[in-house]
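One chain, subunit A, appears in both complexes that follow, with subunit B as partner in the first and subunit C in the second.
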Partner chain A sequence: MVNPVLLIAVPLGLAFSLPIFGLISKRLEKYLPVIAMLFNLSLSVYLVPRVLTHPIIVYIGGWAPPFGIDLFVGPVGIFFSVIIALVGLLVSIYAMDYIKEGDTGKYHVLFLLLLTGAQGVVLTGDIFNLFVFYEILCISSYALVGYLRDRDGLESAIKYLVQGSIGTGLVLTGIAFIYGLYGTLNMADIARQINSIKPAANFITLALIITGLGVEAAIFPMNAWLPDAHSSAPSSISAILSGIAIEIGVYAIARVIFTIFGATDILSFVALVGIITLLVGEMSALKQNNIKRMLAYSSTGQIGLIVFAFAIATSYGIEAGLFQILNHSLSKALLFLAAGYMIYRTGSMEISSFEGMGKRMPLTSLGFTIGAFSLIGLPPFAGFASKFLIVKAALTKGGGLYTCLIALALVATVIEGAYFFRVVQVLYFRGSNENVTRQEAPVVALVPFFVLAVLIIAIGIYPGPVMHVLNSATSEFVHRIAYIQGVLR
Partner chain B sequence: MSLEMLLVIAFGGAFLTYLLGKLSPVLRDILAVLLTLVILAIVALFYGRTGESSFMNFLGFNLSLRINTLSWLFAIAVATLGSLSTIFSLSYMKGKERLDFYYLMMLIVNASMLGIVFSGDLISFYVFWEIMSWGTFLLISYNRGPALAAGLKYIVMSIVGSTAYLLGMFSLYASYSTFNIADIASRISTASPGYLLSVLVLFSITFGIKNALVPLHTWLPDAHSEAPSPFSAVLSGILIKMGTYGFVISMYVLVGIKALSHLGHGILSFHFMLAILAAVTILVPTFIALMQDDAKRVLAWSSIAQVGYIILGIAIGTSLGFAGGMFHFLNHASFKALLFMAIGAVEYRTGTRDLNSLGGIIKKMPFTFMMTLIGALGLIGFPLTNGFVSKWLIYKTLILGKDPFLAFVALFGTWGTILYAYKILHNIFMGQLPEEYKGVEEAPFSMKFPMVILSIIIILFGILPGIPLKVINVIGVSLGFKSLAVNIWGIASDTGALNTINIFSAILVSWIVVWLIFKAAPTSLRVEQDNNYAAGSYVPTGRYLYTANFYAPVYRIIKPYVIDVVDIFYMALAGAVRTLCDWTRRMYTGELGSYVMYIMLFLAVLITMRLGFNIW
Partner chain C sequence: MRKIIALIFLAILLWGITKPVSRIPFGTNKIKVAEHYITKDITETGAANVVTSVVVLYRGFDTLGEVTILFIAAIGLASILYLPRKKVSDEVLEESSLILRTGCRFLFPLILLFGAYIFVHGHLTPGGGFQGGAIIASGFALIFLSCRERVVSTVKLGVVESLAGMTFVAVGLIGLATGGYFLLSFLPKGTLNMLFSAGIIPVIYVAIGFKVGSELAGIIGNLMERTQ
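And then the complex of A and B:
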């Protein structure tokens, strides 16, 4: 039996030993993230069938909870591990060629740390430990946003840093409250003691933690950092930030609301916030001429949709939310990666400069188109399955509120369709095609495009295997008592 | 051969064609034509078959394909137009860019339409529907330039439609826990009228948009005129009829005649409201069509109007009306496709479709003229063409149903149709041949062939309407309509029979009479057109016979009334939404201070709501 701790330990170890490898050969550096993520991916996939039958609980240092820190490798954790490792692997392959400027060694260290943080957040069973990994994730993303050291990058990195720090500060305050109130930091142990959010102390703790995590999860109105940060980071980092980092924030919120607090009372409010996030995000994206800003706003919109799906809180809803996380990770990563090379070739982020890309970079354009179609929710791409599940969850939940909200969500998809189809038209049909020579992205970049596109289509047509994992993951969120008993025995 | 195999061939063949195109364009063209012909043959062999089979499991639901006479009728129309338009494309598209992509999309759109009509459940219907929508979007945008705006308009309206469909589909699921059309249909009769009405309205939005029912039609004129002509033929001939299919499915298969008749009373019923919309759809677009100067735009607006007839027949919902609507769908598919192809052929040879600059092409393209004439006669509903029979059925329905207003609109629409059909014929083919078109040649064979087939269909179904009406009658009976006394030359009924053989003989006799009279009269002296113009004296060179502002007096009368207010409204709405979106974005000011304020505000709101109002 392989210890799941390795999922965190290997990337962390490689991140810190990377400068040493760098001493041997500069060229070695860029392969280490690939190796780490390949390891994580194979281990996660290897663990999937085991975790589905029985969650693996690892006691760090042999101390049983609530006294020691535990890793709870349940279906949710392994689902996120697979996504993190998969997207991380593909982005690190992409970055082998894409990241040439600057101090590449630092880039790879920070990249690995970011993924380590994400990995830790989803696996840990201790709320303070979660906070620590969360900080690892956030701090490395602040640094990576400013990686290019241009004016925009630094400005948005600092803005991101300030807002992110306020967020993590609030989370830390919330955790301190919890420790003061219940004398424990183990999530299952806290959950055992909290049965309601009626007491004001509990509610304020919850409010602090949700607001704090909401910053990183990019929930309206705490998402103002996102368009700046995602658009000025290098595209490979934008892909990770949009495809993984903000989803981790949503995971943390879901864990806090469902497992720790069991706070089903506030879910209709959360649903409302989700829809507002979705609408504001999509509406802001509509008139963007900067491709990365457009994608960034679209990410906030998609996060709103995910939050809404989770807030439906039936098992259909959570399932739909998790599916949408998967779809968004794959599609948005593909979109950012494809846009990255288009920007690299044209030297401009203006959408209008991408005229004739369909001929200049046909495969990259195809990748972008598939990502866009999937995000809009067109069949036969993965986005259709998630849109399907979300609408199904909302309408089977019943009640006027959710029917109205899902109608608004669908209005948002119309807006989303409008701007994505506009870009697709620019790629293929705008301007003249004459005097355009083929300048395809390098093979290292085409590999991730190909894998992501194939996954999007395959999951779109045969969502069955994914649903198998999602069913167990959903029940982990829904059955709070089972989680508590599982950890505390 | 199973339905799954057919769809696998249709979709797989499309991708194969694309890949083959990378190797050899000639082989690609051959494969594309062969594929559509094979599909046509297979669909034809399916005649009379019924059955349903599930083909895959999607998210725990069985997706199924089903065939019956209704879907067969639509499928055969799809397959026929698919193969004819592909053949037409061979020379029309020759030398254009990105042909692999063009054929791929044509074939995918075709395959997805087959998927739609063979879907046995609402999910697969939606899946194929969406594939058709984005495929169509890519094909409309193909021509660049103004086509881009047209494509965007189309796809945005299409997404609005699919949004409505999703809501309708899932509210049915929430009540019946199944997506299977037959299962829902068998249980729906107990539902409350209000619920049925809401579902029907949602579906009507979806299908109304695709079918271009006023006020949901605004995408069509741009899209039809900007798309490549072979695709315009498909678009107008069959793609918008997927909306018609949707109406039939949602009204008569899902809800059923019986439940449908309980939805409202008299004028305030679903039937009648839809019929009123259909009447408006006939009336206004007909006269907008009259005022267009772009031949394809005339045809596009005409498509909207003709679809009005189809929906009118179907909405009235008697067996005669249903038969008329369904027959008119087939007829419109044939003559509108023929007209788009003929205009395409003219455009292919002359490079323009502007009705004001063309003229006299009959001397150079007599064959195309004949085809346009047959198409136009069908469109008008001239006896001995199929359009006559279907319009006769629709008029008859309206008169029998004591709807004088609707009947008047239908007749008035036909009057307008005559005007614009003549305008097309005259402005393109009659008059003086401009200098620049002196070297124009007749359309190539691959364009002539599909046109001939379509014109044969038009005349055959006009003289022997019993052939399609028999099939339509089977459909009507299976949906619960009274059986019609159909025979090969028309319909015998107690309220008035239609006998095309009599009409045929009457026309033949009158022709002979007229011919004899002319024969007996002194022969007239033929003079050259130029001679006629200059009364025998010096003939000026250059162009002296113009056809612009064709129906000036009529324009003056109708101009103030035929403005597409709906389009203006939608465009204003779109503009307002864009402004609103821009305002929303300004929330992100760029000021760090305000961003921090947002975070604190959210926290404050949460805590205030709890402490101040004690909500949670």
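And then the complex of A and C:
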């Protein structure tokens, strides 16, 4: 059997060796992320059926937990690794042509390490190890946000750096308390010893950790960095930050709440925060004239919706949340990638400057439209299925609170529809249709658009196989005892 | 007003933090994992320095991650400070004083030797790759200060950095290939307190020493570059 640790070791080794390949030939550099992600994607897909029957637990260095570090490759981990590898692969194909300025070798190293960090976070079974990979993810994204070295980019990178560092500082404090109180860092071993968050010591530790992780996940009110960072980064990086990085934050929060602390008491508060994040994000997005800022605020909103879905905490709710993560990753990556070339062609980020794009870049515009429709939740795209599941989960859960909140979520969806339809209208129905020359995006960019669009439609029409994986992933979150017993045999 | 609100928030945070801190059983042997490390370390790893065996063996994966974080910091800094075409500055550099120059030239080899000693003996005495690397980088900092006309090639530093990182991953992969575990200590434990003992610790610490040394030196070098 192939060891899942290769999902981390291979990209890491390639990232270290990339500068040397760069010395041999500058042109080799941009292929390495593609190779690494291709490897990861095939290995993750290969592992899916095995993991679904039984989670794989990998001991690093042969030390059994809690004394060493273990990887818990369960359905959740493999679900996220497929998403990371898939979106990572498509974005790295896109970046082969898109990234031309600056020190491109360094871009590719940082990009690859960002994905490695994300990969590590979702696979590890040790909370300090999670922190280390989280830092890899965060620090490389700080550097990549400032990659273009323009004024906006550097300013938002510094903002992101300051807020992110405070967040990771809080997480580290929380982890230190956990180690002090329970004397172990292994997630299953901690979970075994924590039965309730009633003691103040446990509650405060939990609060510190989820507040810190909430910064990266951009949950209101810790989302101030996101619109700046996502809008001034290169579009390929915006796609990764929106499509992967913030979801990893949500994953980490879910893991801490469900698996480590089993903290079901705070979930109605989390649901409320989720809906506030959703409303704030969508209403801010509605006001934007800058396409990338609009997409960035929309990411905040989507994260709010995902957090709300997780906070429902029934198996329907978690399943819907995971499905929404998948939908958001694919759609938002597609939207940012498509917007990237439209900005490149027009030289402006103003939505009004995209008039007539439907004629000028028909395929790119089509990609953008599919992404937008899927995010709004129109059938037959993937977003319809995931939003439908969220509504269903909230209504099955019942209770006045969740019914009110889901009503608010639907209002937010209407707002979302309003601003996305506005953009689609500009693309196709505004401006003169004469004298437009076709200036389509290059083929290496069209390939990711095509794959993402096909996946969005395919998952929307035929969600069966995805639901199969999501079912197992949900039970990993719901059955805390099974997780503990799986690791500490 | 804002200050008062901030102070109130800080007070709440402080009060909150005292709660878990007061529950931590300082000074008792309650911590099972740590006790295992202290009592079983020498038989399990063959390293005289317990801290090192925790850092490199029991939690070697974290260390790999930490090395990566430093690598990202160095690369990220270089990408942000990147200059499209390096201009050869024709301005006259101010010479450093005779005392500084002589002192640095005298100290530089000794500092390198000391740094190398620290990381080679990581498994025997306090210290290790990170500390040794930092000492080596401080030697380069002295050279940057004193011999200002000298340029340390960032390309060469980058190659050392990459090779060292690849060594770490390769050691891990060899462990995976021979014993089935990534970062397995596949080398013999040897005799306690000897230079060649404690399995893969010396190999990894030498790699980390080179890596950290070249990274920190590279960071200083990047910050020294002038823009016109």
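Everything below uses one rule, namely that the second predicted complex is superposed on the first by the 489 of 489 C-alpha atoms of A that agree within 3 Å, B and C clash if a C-alpha of one lies under 4 Å from a C-alpha of the other, contacts with A are read in each partner's own complex, and residues count from 1 in each chain.
The definition used in the following text is that contacts are C-beta pairs under 8 Å (C-beta built on N, C-alpha and C of every residue); 3 or more make two chains touch, one makes a residue touch a chain.
Owing to the predicted nature of the structure, the values given are computational and were not obtained by experimental measurement.
Asker: After the match on subunit A, would you call subunit B and subunit C a fit or a clash?
Answerer: Overlaying the two complexes on subunit A (C-alpha atoms) leaves subunit C and subunit B fitting together cleanly.
Asker: What is the value, to the nearest 10 degrees, of the angle subtended at the Cα centroid of subunit A by the Cα centroids of subunit B and subunit C?
Answerer: Between subunit B and subunit C, as viewed from subunit A: 170 degrees.
Asker: Looking at the overlay, does A:L401 come into contact with subunit B only (first), subunit C only (second), both, or neither?
Answerer: Neither subunit B nor subunit C is touched by A:L401.
Asker: Between subunit B and subunit C, whom does A:A64 touch in the aligned arrangement: first, second, both, or neither?
Answerer: neither
Asker: Considering only touches as defined above, state whether A:P379 meets subunit B (first), subunit C (second), both or neither.
Answerer: Touch status of A:P379: first partner only.
Asker: Looking at A:A207 after the superposition, I want to know if it touches subunit B, subunit C, both of them or none. Which is it: first, second, both, neither?
Answerer: So A:A207 meets both subunit B and subunit C here.
Asker: Who does A:F128 touch here: subunit B (first), subunit C (second), both, or neither?
Answerer: A:F128 sits against subunit C, while subunit B stays out of touch.
Asker: Using the touch definition from the top, say if A:G146 reaches subunit B (first), subunit C (second), both or neither.
Answerer: The second partner, subunit C, only.
Asker: Should A:L110 be classified as contacting the first partner (subunit B), the second (subunit C), both, or neither?
Answerer: The second partner, subunit C, only.
Asker: One more residue to check, A:L23. First (subunit B), second (subunit C), both or neither?
Answerer: Second partner only, subunit C.
Asker: Who does A:P227 touch here: subunit B (first), subunit C (second), both, or neither?
Answerer: first
Asker: Quote the smallest CA-to-CA distance from subunit B to subunit C in the superposed model, rounded to whole Å.
Answerer: Here the least C-alpha separation of subunit B and subunit C stands at 6 Å.
Asker: Per the definitions at the top, what is the overlap between the subunit A residues touching subunit B and those touching subunit C?
Answerer: 200, 204, 207
Asker: In their shared complex, at which residues does subunit A touch subunit C?
Answerer: The touching residues are 3, 5-6, 9, 12-13, 15-20, 23, 58-63, 66-69, 102-103, 106-107, 109-110, 113, 116, 120, 128-129, 132-133, 135-136, 139-140, 142-144, 146-147, 149, 154, 157, 173, 177, 179-181, 183-185, 199-202, 204-205, 207.
Asker: Show me the residue ranges of subunit C that touch subunit A in the complex, using the header's touch definition.
Answerer: These residues of subunit C touch subunit A: 16-17, 19-24, 26, 30-34, 36-37, 57-62, 64-66, 68-69, 71-73, 75-80, 82, 155, 158-159, 161-163, 165-166, 168-170, 172-173, 175-176, 179-185.
Asker: For subunit A, which residues count as touching subunit B in their complex?
Answerer: Those residues of subunit A that touch subunit B are 159, 162-163, 166-167, 170, 197-198, 200, 203-204, 207-208, 210-211, 214-215, 221-222, 224-225, 227-228, 265-266, 269, 280, 283-284, 286-287, 297, 373, 376, 378-380, 384-385, 387-389, 391-392, 394-396, 398, 406-407, 410-411, 413-415, 417-418, 421-422, 424-425, 428-433, 463-464, 467.
Asker: Of all residues in subunit B, which touch subunit A in the complex?
Answerer: So the residues of subunit B in touch with subunit A come to 57-60, 97, 123, 126-127, 130-131, 133-134, 137-138, 141-142, 144, 147-148, 151-152, 155-156, 159-160, 163, 166-167, 170-171, 173-174, 577-578, 580-582, 584-585, 587-588, 590, 592, 594-596, 598-603, 606-607, 609-611, 615-616.
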